[in-house]
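Paired with chain B in one complex and with chain C in the other, chain A is shared by the two complexes that follow.
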Partner chain A sequence: METYTIEQLAAKIKNNEIDLKQYYEELFEEVAIQQKRLNCMVTITREEAFKALEKESGSMLNKIPGVLKDNYSTKGILTTASSRMLEDYVPVYSAAVYESLEKANMALIGKASMDELAMGGTNKSALTGPVLNPWDTSRISGGSSGGSAACVASGLVPFAMGSDTGDSVRKPAGLCGVYGFKPTWGRISRYGIIPYASSLDAVGIFTRNVRDMAIVTRELAGRDNRDMTSSFNEVPDYLADLNPNLAKRTIAVLTTVSNEVRNEKIKANFEEMVAKFKELGAKVIEVTIDQELARAILPVYKIIANSEATSNHACLDGIKYGNRQPGESVDEIMINSRSNGFGDHIKRRFILGNLALATENQEKMFRQAQRVRRLIVQEMDEIFKNADVIIAPNSGQIAPKVAEASDDMLSDEYIILENYLALANFGGNPSLTMPVGMVDGMPIGLNITGRIFEEQTVLDVAYALEQVLDFKDRYKRED
Partner chain B sequence: MDKEAMLKELGLKTMFDISDEQMPALVDEYEVFMHHVQVLEKIDTTGVAIMAYPYDIETTYMREDEPNDVISRDDALKNAKEVMQNQVKVPKVVG
Partner chain C sequence: MNFEVVIGLEVHTELKTKSKMFSAAPVSFGEEVNTKVNIVDLGMTGAMPVLNKSGVEYALRVCHALNMDIDELVVFDRKNYYYSDLPKGFQITQDRRPIGRNGALEIEFDGQVEVVEIERLHMEEDTAKQFHFDDYSLIDYNRSGIPLIEIVTRPTIRSAAGAAAYLERLRQILLFTDVSDAKMEEGSMRCDVNVSIRPFGSQRFGTRCEIKNLNSISNVQKAIEYEVARQKKIILSGNQVTQNTMRFDEDLKQTVVMRAKGDAVDYKYYPEPNILPIRLDHAWVESIKANLPEMPDVLVKRYVNEYQIPKTDALILVQTKPVADFFNNTVKHTDQYKQVANWLLGEVAAYLNKSKLTIDQTRLTPVNLAALITLINEGTISSKQAKEVFTITIEEGQDPNVIIEERNMKQISSVEVLSGYINEILDGNPQSIEDYKNGKNRAVGFIVGQLMKATNGQANPAVANKLVVELLKARC
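== the complex of A and B ==
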């Protein structure tokens, strides 16, 4: 079947140049093939997609196929967050993002697999099993939004929604060779998204090029009264305002991260990208953050994220909804339901989150992490006084083999390089990962992070680089 | 109290019954977690305020006390496993 970008398909629809019924029939045949190959979906929503064909909207997303991560509440459609606890949960309301997409008349293709409750970076913890990388099915998609990444990277849909608490959109985007964007915390409503850690969680988007990213971001951005953290800031027209001229841009190379890369090919690629930015006319400077603080990124993340998660998910008790197990008392029902409903790694994280929140520990664990978070964000703010964006390699490795991938590595390289993307969650910054090369047959990515609410700058810088590379609109599909 | 007993108790407070088979992995992760705590302890944060959100939010205010986004009783009970007389059924709480 043909694979289109949002812009291409929207033009065909507008000009009546496509038989949409036939297109969607072929698409769902392809969905079945890729689902078998990649295990990327939890639920396939054929009926929803065909309903959209009977309706119209003035949006560029009118009748465009898209996918939602399975932590977006979808009224009347199974929403599991890839957890046994919610394996038969059907929301009675929809997330703000899904409402916006419904209003735009997007055609929902399905709900994508994810790490359980978004707590992981491999997509191996999903109730439905690991999601495989479209470029090599012996490798992981990355997580936690791995199903969404795989759906876009296999060309099934031109865009998919994810969520990003530490790197859960950007990391899998890089490993699967697509674009992953986490706009500013507060830019897009999180209402109705099953949370992980509220002070870090952000809506994220996958596409295969910058222009499509601008379209989806514009469609979703803006104030929503139901999310008290969503911003009143005006939303620019990201697509119309795209400007690839870098003549007045300053790009900061975060050497604290890039110097940690051990893979020579990834290192060489990054140096090549830095050279390209210079050729494009940008001023490129080298910056660092304090090494002790860089090594504290993972500890701060783990303590804050686990603590907020255990609090957010106290509601998952099997009483009002979710997997209910028998018990002689209310407490016993809750303990049995939670013990049965969550994976072991989730239980461990909740317990350790509770440890950091305990009255006797809170000051030295949770609050100390919140203080160090401020010190780290201050380092970033210092850099942003002299630079429009910060760049670094998205990861020091290509997608790991399924059997080898783990969330629990503690090597020096891993500590900084594989966790620094959480910087943008600490500060709430817009942060985009784009494909910039192939290493050993697998895609690698570059991350670009900007000042809060300066999505346009991040998109502009990515747009400039995209035009001198040959990695946009790529996907990998096999039978 | 030894480490395993402490974690077992903390598990119950978090409403989990951690089995003997699950305990070794929990102890391992606890050690890693405490290593993270030590890394942070070494950083001087004297006079640094906590950062609970990424930036100062202009949207934090008390909204008018008006009901919104109300769901019906039927909807509220739709996902409950045991319902009786329009209420979620649980074992007797008061003796």
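== the complex of A and C ==
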């Protein structure tokens, strides 16, 4: 079947050049095939998609197929966050993002698999099992928004929603060869998304090109009174304002990260991208952040994220909803429900979070992590005084083999290179990863991070690079 | 050995804002269970808190009334613990930066004046209400998320009576700032007590016990008295008080151990990430102070100094805000301050007592009470008639002037008019004149009786008596 971008399909719908009923019939046949191959979905929502065909909206997303990560609350539709705790949970309300997309009359294809409760980078912890990479099914999709990434990378949908706490949209986007964008913290309402760590969580979007990214971002951005942290800042028309002219742009190469790359092909690719930016007329400078602070990113992230996660998930006690296990007392019901409902790696993270928050440790762990976070953000802000964006390779490796992928590695290469993307979560910055090459048959990505609320700059820089590369609109589908 | 008692109080009060502290669900009491809840109050995953500005305003009113230093940067924290009445698994509260600090409240009891130092006032949210049965429990989430303020004193209270006096005064403040109905028996005002004792002169505090969930001021007093006696007994027998959390058993009239200190939960307070610190507008904070109604202690001083009302009466007038408001509004329409006070403390209080109503639930208005007092003072109605008019106006809300007009209750005080009536009666009753001549004074009574009959009781009794005697004399 044909695979379209949002713009292409919207044009066809507008000009009545497509039989949508037939298109969606074929699409769901394809969804079934790819689901078998990639295991990317938790729930397929055929009925919802066909309902959208009966309605109209003035949005560019009218009748465009899309996918939500399974931590977006969808009223009346199973929302598991890939956790046993929520395996039968049907929310009574919808996330703000889903409401906006419903209003735009997007056709919901399904809910995508994820690492359990969005905690993880491999998507191996999903209740429904690992999600496989469309480019090589012996490899992981990455996580935690692995299902969403795979849906877009296999061409099923032109866009999918994810969530990004440390790199959970950008990392899988890079490993699957699609675009992953985390706008500024507060730019898009988090209301109704099953949280991981509120001060780091951001709505994230997957597409296969920059223009589609601008369309979806514009559709979702803006103030929501139900999320006090959402911004009142005006929302620009990201699509109309796209400007690939880099003549006045300064691009900072974060060598603290890029120097850690050991893979020669990835290293060469990155050097090539830096050269391209220069060719495009941008001023390129090299910047660093303090090595000690760079090595602190991972522990700071783990302490803050897991601390917030312990209380964010304290509501999952089996009392009001969720998978309840019997017990002799209320306490026992909670203990049994939580013991049964969460995977081991989740329990480990809860224990770590509780340890960091315990009164006797809090000052030297949680509060210390917050202070270091502030120092790191200050370093970033210093860089942004002289640069519009910071760039670095999205990862030092191609997607690992399913059997080998793990979150627990302690090499310097891993500690800095594979975890620096959390910088954008620390500062709340807009951050986009785009496909920039193929290494050993697998896609690799480049990350572009900008000043807060300067989504447009990030999109502009990506747009300029996209036009001198041949990696937009790529997908990989096999029967 | 003589002991000094050291008491600190923690009071939780539910605020009667329109909606909850962090959700748009309405705050209303006595509703059908689980009907005033939304996803925030139920702790549905993904729901987010939205701060209620009125909740902050109400807290500020009390801060101002207690003369507290106000932290204009509002910061919330999470208090983490698992309990079935806590749907989110944490409570949003203020730990490190309470909105108010360093307040003071003057209390008066046993003829002495003391100042209770208040350490802090902070905002938080209420938990759900649980109903426990033999083999199951039910939860009503209507209460979940209702705004609370917690007011914590320093350990500066030295007796059970002082604690009771403080609670009375604090309750008055909560009523006068109009933030809560502050009913301990219904749980809209709750009190936890920390009690310890130490030998007089000692600088170190003794081991304290906390008594939780007290449901009336008198129980607070009884619980403290019992607890102090218990601790004395322990120390005098050479043992040490263990730090426990107690409750007061009303039937046993004793404090009973709920849990030991070792069971204490680590609440792991940390900043609420979904509510960024909020900088309050200084002008707004000040305007709340400027618009604060007069507090009872100020009113009492004014009543005594400006209106010459006895202090004991003034204290009763300010016991509840509706009565104080009523008094303040009535004296705008009459300068007979003492009479207004007498009516409110006499007839009105008796009526309220009998009808079990509060003054604002009756149809009595300040204007009408003032009119009634004016009618009495002008001699338009007798005090006996006034009671009748009062009953009508408090039940039906009519203007006393209209009541007496419609019911012909106006006194006839005109000498001319009354003389006409009396002369007519004397003409028809020559025997009475004879009787009077013969020294029978009852003739006066008889003629006055006839006069009352003829005027439907409207004759002004004082004027009538005098006139009857005069006219009888004239005929002798």
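We adopt the following convention: the second predicted complex is superposed on the first by the 479 of 479 C-alpha atoms of A that agree within 3 Å, B and C clash if a C-alpha of one lies under 4 Å from a C-alpha of the other, contacts with A are read in each partner's own complex, and residues count from 1 in each chain.
Keep this in mind: a contact is a pair of C-beta atoms (placed from the backbone, for glycine too) under 8 Å apart; a residue touches a chain by one contact, two chains touch by 3 or more.
What you are looking at is a predicted structure, and each value in this text was computed from that prediction instead of being measured.
Participant: Look at A:229 in the shared chain and tell me whether it touches chain B only, chain C only, both, or neither; answer first, second, both or neither.
Facilitator: both
Participant: Quick one: is A:92 in contact with chain B, with chain C, with both, or with neither? Answer first, second, both or neither.
Facilitator: A:92 sits against chain B and chain C alike.
Participant: Is A:192 touching anything from chain B or chain C once the two structures are fitted on A? First, second, both or neither.
Facilitator: second
Participant: Kindly classify A:15 by the partners it touches after superposition: chain B alone (first), chain C alone (second), both, or neither?
Facilitator: Once the two structures are laid over each other on A, A:15 reaches no partner at all.
Participant: If you tally the residues of chain A touched by each partner, is the higher count for chain B or for chain C?
Facilitator: Higher number of touched chain A residues: B.
Participant: Could you look at A:452 and tell me whether it touches chain B, chain C, both or neither (first, second, both, neither)?
Facilitator: first
Participant: Just checking: does A:357 make contact with chain B only, chain C only, both, or neither of them? Give me first, second, both or neither.
Facilitator: Touch partner of A:357: chain C, not chain B.
Participant: Touching A:320 in the superposition: chain B (first), chain C (second), both, neither?
Facilitator: both
Participant: Share the list of chain A residues that count as touching for chain B in one structure and for chain C in the other.
Facilitator: Touching chain B and chain C on chain A: residues 92-93, 199, 225-226, 228-229, 310, 317, 319-321, 330-331, 334, 354, 358.
Participant: Flag every residue of chain C that touches chain A in the complex, lowest number first.
Facilitator: Touch list, chain C to chain A: 39, 42-51, 78, 80, 82-84, 87-90, 137, 139, 266, 268, 270, 273-276.
Participant: In their shared complex, at which residues does chain B touch chain A?
Facilitator: Residue list for chain B touching chain A: 7, 10-18, 22, 25-26, 29-30, 32-33, 35-37, 39-43, 45, 48-55, 57-60, 63, 68-69, 71, 75-76, 78-82, 88, 90-91, 93.
Participant: Using the touch definition up top, name the residues of chain A that touch chain B in the complex.
Facilitator: 89-90, 92-93, 185-186, 199-200, 223, 225-226, 228-232, 292-293, 295-296, 298-300, 302-303, 306, 310, 317-322, 324, 327-336, 338-339, 342, 344, 347-352, 354-356, 358, 364-365, 367-375, 377, 408, 410, 425-429, 452
Participant: Using the touch definition from the top, list the residues of chain A that touch chain C in their complex.
Facilitator: Where chain A meets chain C, its residues are 71, 73, 81, 86, 91-93, 95, 190-195, 197-199, 225-229, 307-308, 310-317, 319-321, 330-331, 334, 354, 357-359, 362, 366.
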